[in-house]
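Paired with chain B in one complex and with chain C in the other, chain A is shared by the two complexes that follow.
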Partner chain A sequence: MFTHLLLFSIVAPLAAAAVISAGLPVRIAKVAAALGFALPALIALHAWYHFAESAQDHGYAFLAKYDTGLQSLGIKLTLGLNGIALPLFVLAGLVGLAAGLYAIQSNAERLKTYLVLLLVMQGGLMGVFASVDIFFFYFFHELALIPTFIMVGIWGGRDRSYAAMKMTIYLTLGAMLSLIGLIAIYYKSHVDSFDLITLREELLANGLKAGVQNNIFGLLMFGFGILVSLWPFHTWAPLGYGAAPSSAAMLHAGVLKKFGLYGLIQIALPLLPLGAAHWAWTLAVLAVVGNIMVIGFITIAQRDLKQLVGYSSVMHMGYAFLGIATFTAAGIGGVVIMMVAHGFSVALLFLLSTSIYHRTQTFDMTEMGGLAQKTPVLAAFFVTATMASIGLPGFANFWGELTIFVAAWKFSPLLTVLAISGVIISAVYGLRSAARVFFGQPTEAFAKVSAEKPPVDLVWSEKFPALILIVALLFIGFWPKSISTPLNSALGVIYPAPTAQLPADNAK
Partner chain B sequence: MTPSCIALLTLLTPLASAAVIAIFLRKQGTLAQTVSVLAAAIVAVGALTLAFGGHRDAAVNVSFEWLKLGSFTFALGIKFDDLAALMLSVVGVVGLCVHVFSIGYMHDDGARARFFGGLSIFMFSMIGIVLADNLLMIFVFWELVGFSSYVLINHYHEKQSASDASKKAFIVNRVGDFGFLIGIVMCYWANGTVNLTELGAGHHVYSTLIPLLLFCGAVGKSAQLPLQVWLPDAMEGPTPVSALIHAATMVAAGIYMLCRINVLMVPNALTVIMWVGTLTAFYATLCAITQRDIKKVLAYSTLSQLGYMVAAFGLGSLEIPPDGKVGELVVLSAGVGAAMFHLTTHAFFKALLFLGSGSVIYGCHHEQDIFKMGGLAKKMPVTFITFTIGVLAICGLPFLSGFYSKDAILHLAQENNKPVFVILAVTAVLTAFYMVRMWNLVFRGEPRSHEAEHAHESGLSMTAPLFVLAVLAVIGGYAGHSFNIYGHAFEGVWSQIPFAEGVEPFVMSLAILVIGAGAAIFLYKPAATDALEDKSPALFGFLSVVKGSPDTAYDWYVAKVQQRFALVLEFIERIFLSGLIIRGCSGVVGLIGIGARALHVGSLHAYVYWFLFGTALLWAYAAGWLN
Partner chain C sequence: MPHLDILKAAASSNQWMAIYPELLLGSLALVLLALEIILPKKQHAVIPSVAIIGQIGVLIWLAFNFHTVFLKPEHAYTFSGLLHHSEVGQFMRVFFLLASILVCVLGTIALAKQKMPRIEFFHIVLVVSAAMMLLAQSNNFILLFVALETVTVGFYILVSYFRTNPLSLEAGLKYLIMGALSSGLLLFGIVLLYGVAGNPTLPGSSANPMDFTALHTFLLANPNNFLASIGIVLVLSGVAFKIGAVPFQIWIPDVYQGAPTPVTAFLAVASKAAGFSLLLILTQNVFTPYEKLTTPVLAIMAAATILFGNLAALTQHNVKRLIGLSGVSHAGYLLIGVVAAGSQPLAIGAIYFYLFAYLLASFAVFGVMTHVAGGDDADQDLAHYSDLAKTHPFLGAVLAIGLGSLAGIPPLAGFMGKLLIFVAAFKAGLHVLLVVAIVGVVISIYYYFGWIKAAFFETWRAPLLEGETDLRPMCTPVGIMAGVALAMLALATVVLGCYQGAFGDWLLALKF
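The block that comes next holds the complex of A and B.
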């Protein structure tokens, strides 16, 4: 049983999806869906709790291999978790549970189809971070991506068909570029295997030529970059998230988007170190000037709450890219914590934005105001989410940002200073949105809405998913070692000392 | 209990209190209040036990590795020396007074639980700063006090002004923290450590930039020029919050932090710090003169006194003997001594004044305009007497606490820098002027409004803290060599205080008091209009402009610069990126994937089929069916 733990986490939601589409009554379908979301989350927590004591092979625990009939191409479904994958696997499980529960209680039309698609997405997400085989890593990403498009197209809000189209074009392009890059690695390595451990051992011993590395890394950087909304390829993100139904936005922005960063960290950087060094400056400048500063200011200009969250998520990816550009264990460790933290906080913000929408009937912040008087708990949750997202200590996000800043200084003091200016920018838009929605007096428009239908405070079906995310943010915020210890040992293997040299040769 | 345990208990009790209130007592105001006040009492007892129990350094210090990634390590630890002991005692005592006062002041508030939870989270954060043994840990708690300040300023949710003020406070503080964090990162790379003890044992004088960047943090938190704009607005919070956070402790954290890192200072940086402090002290005094709101007068007075402390710290190094480094060190410590001494006495008398003003406001049914008060001496005798003690202490009446600490700073200035001395002395005169103006308008004459006529003395929970603080405001300054009420507890700090000798300080202080207070009593007859405005509209107008222009500049920046820049960027984004690049990309897609656009975009379902088809094809190929 426990040897197939990871497989079970992928199969459970898919099985639930299959059962539901076989035509269950809605009430039973809801129970099945709840199980389909809860099992991966429990398995993820179990894996996290027992990670240290589990047998490990090349830093991977819970390793299991399955022949899927693609053996002749060097493809095997290999599942396992190393210290980098583990926190993201837990992220996928918990955000999936929160998004799933939020969807189950929502009054979405065609609820069963909606749940089926979310469950397929959840299966893909668990698979992405559990895969040690590059082919399946990519396959599961596609499996999770397709339901996203469909959900935006069917249940989306304003501009949904345009948003769905734009998202599809961008993300398909990004996925294609990265697929070409991944196949190029496979092809150039001559090991006839998509197995990441094999590839890593081979390429660490006999690295590819610099020119080849540069080209492949370029493909992966832009391919994965588009998927993570690297500036200026980000315009799909705010639009798509603005239109996406909330649970889909939670899962995509919170978890699936991390696929690109994860690919860079787990595959591209260790296999192509020379390529990474070649592109580091381009990546860092795009990230800092584009994602952090330009997008930061654009975020300030947003009036639509969901767009604001979408843009802020694009902005925060800038920190992650900067950390990757440092190519140090500290910088990349910071990125992983950042990814996890951002996943929880952005999912929480999307969830709460939708809850706000249900009470104000609009996402336009200029037509809100004074909501805190009616819904103090929602206000407290939203301020909590905002504080987490702008990097207040006590929440996970802080550790990611701090570590990235410290590591980035050795890479470029100038870029670090510009990146740190982001803490001011994010405080401006974060606090402004909280103030516009919740504090002061209601605007006329909102006074009218709340007179017709007095807003009620958060109900338990909204509170519970939100609390899962808040507890996760606080837990890592207060006890960062809970994920940094396995993470650090994995980084020690993949990013060994010479490239990962840190403090000061001039230390006392 | 071991001293380390007491220290950890002192730190964690308020956190536990905040957690309990947030989770269980959201709707039980009275219970929440009890929990929070008990936590504050435990903090006060713990602080005084540690401080006066003689436990220092090795007995208390602990350190835990909290995060390790690559070779970046973050540790949480305690450094407990005389400096920390002093600050902890101040926070503990003033904190307890304010908590008790709040029982009465917030009695009718609908959101008491949130208020007391906020106070607890503040106590936790503040004690974290005090005990921290490294710069990164200070930064963590630094941000957290900023957060609690935000929550508490914003206590009255329905007030737009409170919402604006809380936002402004947080953002302006972040501007300071921007520099602070860069300074910490630079310090980390320059020295390989940010541990205060290790830095003290030896560090690289890397550049003047590091201390100046670290000072940015203090500029934000202690509201020095040019980031002073947030503090007067922060008075939108409940008055006990103003007393605890925006007068006695949090805003003084900037000065405490400077004293913590005094080993990193270099002469040029100290010169800058000295002038920033001096100018803030003087500027804020000018602003205080025209205020009508009792809390705003006190707010500007706080700014001004914080300027004094910063100036005192900066004055520390100005006379460096050309030959040796020993002298430099001694003079620097003099700056620390004077700054911390004034911080302590100021915490007592300013908390007293703020709580006194709270009692006045509460008694006058939330009237805050001093021109609508008057005659309160008879109606609120306890408040009147204690408030008067506070006023006399801040004005520097000999034998009260403020006299000794202010005199130490003036003495240091006189020895080291004459222009600074002149400015600070003039500031002292003006301080006496505006404080007595306020006192005169509030307490003397006849009531000038309905509210003032029906004013009543506050209850015991409010007057008792006033009494305690009044006693401390009287005796808090006896820290000298001959007579020291603190015993040997803070010897490491007190021994550095540059006391002046002889009768000269008495003469000077009396002269300052007589000129300032005399002018105020002469000019301001109890009346409903501002006498200065009537007699010299030009001067009054000038002072109003001085006071108003930073706010105008701030508003102008936010509305005209920041917002417009953001809108322009957004416009460009919409036009160029959405318009051009997406077309470009669809073109690329078209090139790469044989009409991929049509395949993928025409219908989403087509995309699903292509995915399934591709997958099937791959399996078929792998299985050898295609060969």
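The block that comes next holds the complex of A and C.
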């Protein structure tokens, strides 16, 4: 049973999706969906708890292999978790549970189809972070991505058709570039295997030529970069998140978007160190000037609450790219913690934004105000989420950003100073949005809406998913060791002490 | 009586059992005509079912005897070397039989919407399928040409089958003229090769230069013959017509639009697959000494085909034209595989996997199209699909899976096909073609997704004014047979995308 643990976490949501689409009545379908979301979360927590004591092979625990018929190409479904994958696997499980529970309780039109798509997405997400085979890593990402497009198109808000189309084209382009990059690694390594462990061993022993590394890393950087909304390829993100239904936005911004960063950390950097060094400055400058500064100021100017959250998530990706560009174990570790923390906090913000929308009937912050008097719990939750997102100590985000800044200082003090000033920018828009929505006098428009239908405070169907996310944020915030211990061991294996330039005759 | 001995010797290689699937299909076609005469008119509805069930019988027979044909090496060549039986040939037999069954299923639906004679349609489909099966196993230019002409003549009739519709007639005429031109090119190429290879003054010349093996020997001995080069290019051009590769793609949009939808499906899938199996036989077995000539020609063709197909499909509103032009781009991806197959045997398996995935996905889409189409078969607009997912969730889901697979989205079979082709192309070092292919895939997302968008996202909200009627044709209710076929196509597309199992292992090991 436990040998197939990870496979089970992927199959459970997919099976639930299959059962629901077979035509269950809505009431039973909800139960099936709840099971489909709860099981992966439980498996993720179980894996987290037992990670240290379980047998490990090359740093991977729970390793299992399945032949799917393309073995002659070196493609094999290999599942396992190392210290980098584990925190993200947990993130996927918990955010999936929160988003799923929120969706089950929502009154979405065509609820069953909505749940089926979310469950398929959840199955893909668990697979992404559990895959050791880089082909299946890509495969599961696409499996999770496609439902997003459909969900945006059907249940989306304003401009949903346009947003869905734009997202699809951008993300397909990004995915295609990264696929070619992955095939290039597979082919150039000449080991005839997509297995990450095999590839890593081979490329550590015989690295690729610098020129080849530069090209492949460029492909992966821009391919993954588009998927993570690297400036200036970010324009799909705020638009898409603004239009996406809340659970889809939670899963995509919270978890799926981390795929690109995860790919860079787990695959691109260790396998292509020379390429990474070649592109480091480009990446760092795009991240700091583009994502943090430019997008930061754009975020301040937003009036639409959901767009604001969308832009802020684009901005926070800048920190992650900066951490990656430092190419040190500390920087990378910081990025992983930040990815997890950001995943929880952005999912929480999307959830709460939708809750606000249900009470004010608008996302426009200039038409709100004074909501805290009527809904104090919602206000408390939202302020908590904002604080987490800014990076207040006590929340997981703090550790991520702090570690990245420490690592970045050695890389470039100037960029670090600019990046740190980004924290002020996020404080400005975060606090301003909280103030506009919850405090002050209600605007005329809002007074009219609340007179017609007095806003109720957060109900349990919203509170419970939100609490899952808040508890996770605080837990990691107060006890970062819970994810940094496995992380450290993995980073030690993957990023050995900095090696000198490879001798030319040793390179392929 | 030496002549009698020769005849006897020749006859001894006539192993009729080796072509029983073709014989059975031909007989079945005759049985259908006989039934039409015997049965009273009221019971004619049974005849299509007879055609379908009969073919399923042949398919099962074939599946159980898949390996018997080439168990003994002396059975590999039959009929004095006219036919060459191989694993690839067996696979294509199954492929064409599947396509033929599906065309018959779609045919029963489409014909019900027209006042047209029914039985001849199935008769011709069966004959054409049998000819395609022979084509995929041909080892001689004479047989190749006869089989190819049987296919083409059959299609002349099928394309203009809805003869009361002017667009169908126009399509038939266009196909006739273009088909005749392509046959002319092909024949001219064959004659040149025949003449050169039969020239006794040249080394390696043969008394029987129509035979692929003999021709191959001759080409090996004369690797730089000018006339042979022209012959090869002309033969390839003739084949390029069948697969719709640029610059011989010009007939596709009009013919695809005018032809009855099941025939469009037949053209798009089976005719294209026949062209590719022919192309593989020629480039892998016969023209190998002229690789320096064929590879660049095919590579340029591949790049142009991908770009043309995708760009031209972008602006289409008629779904039949759209899928026709998108099919052109698929021919381009497959051509990359053919180019790669020169140095990477992996590409052969990749091409057959791609074709099979294409069969599943295309027939799923065409199946939905047949249901949605109204009385005017040539007029199938994207707008007719609005709200389909809501009013007909089953058709919507099948359409989404089919289009997703054509677009190459995981976890569907079409993605695996593209992946295998890309890996093969990478291994063969075709970087420029890969870039073109990626650009093509991204462009294609726009129109495939636009179709899905029409079916899923756009709701038919415009309130009908008094006296105004809904522009969308009535959607035919899904019958049991069509429902089962569509569900199986969709299911196979999903399963084959996630798990290839023994089929994948077998395909990737395929060799010529």
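One rule holds for everything that comes next: the second predicted complex is superposed on the first by the 498 of 508 C-alpha atoms of A that agree within 3 Å, B and C clash if a C-alpha of one lies under 4 Å from a C-alpha of the other, contacts with A are read in each partner's own complex, and residues count from 1 in each chain.
Basically, contacts are C-beta pairs under 8 Å (C-beta built on N, C-alpha and C of every residue); 3 or more make two chains touch, one makes a residue touch a chain.
Computed from a prediction, not measured in an experiment: that's the story for all the values here.
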Touch test for A:Ala184: chain B only (first), chain C only (second), both, or neither? second
Between chain B and chain C, more residues of chain A are touched by B
Using the touch definition from the top, say if A:Phe149 reaches chain B (first), chain C (second), both or neither. both
Would you check which partner chain A:Ala427 touches, where first means chain B only, second means chain C only, and both and neither mean what they say? first
Examine A:Leu467 and indicate which partner it touches, taking first as chain B and second as chain C; both and neither are also allowed. neither
On the A-aligned overlay, A:Gly370 touches which partner chain: chain B = first, chain C = second, or both, or neither? first
Output check: A:Phe297 vs chain B and chain C. Expected answer is one of first, second, both, neither. What do you get? first
Which partner does A:Arg160 reach: the first (chain B), the second (chain C), both, or neither? second
Thinking of the overlay built on chain A, is A:Leu35 touched by chain B (first), by chain C (second), by both, or by neither? neither
Contact-wise, after the overlay, does A:Leu70 reach chain B, chain C, both or neither (first, second, both, neither)? both
If you lay the two complexes on top of each other, which residues of chain A touch chain B in one and chain C in the other? 69-73, 139, 142, 146, 149-150, 153, 164-165, 168-169, 172-173, 176
Footprint of chain B on chain A - complex, ascending: 69-73, 75, 139, 142, 146, 149-150, 153, 164-166, 168-170, 172-173, 176, 232-233, 235, 294, 297-302, 328-334, 337, 370, 372-373, 376-377, 379, 383, 387, 392-394, 398-399, 402-403, 405-407, 409-410, 413, 416-417, 420-421, 423-424, 427-428, 431-432, 435, 438-441, 480-481, 484-485, 487-488, 491, 495, 500-504, 506-508
In the complex, chain C touches chain A at residues 346, 400, 404, 409-411, 415-416, 419-420, 422-423, 426-427, 434, 438, 441-442, 445-446, 449-450, 452-453, 456-458, 498-505, 508-509
Write out the stretch or stretches of chain A touching chain C in their complex. 68-73, 135, 138-139, 142-143, 146, 149-150, 153-154, 160-161, 164-165, 168-169, 172-173, 176-177, 179-180, 183-184, 186-187
Touching residues (chain side chain B, partner chain A) in the complex: 26, 66-72, 74, 111, 114, 136, 139-141, 143-144, 147, 150-151, 154, 157-160, 162-164, 166-167, 170-171, 174-175, 177-178, 181-182, 185-186, 188-193, 198, 202-204, 562-563, 565-567, 569-570, 573, 577-578, 581-582, 585-586, 588-589, 592-593, 596-597, 600-601, 604, 607-608, 611, 615, 618-619, 621-624
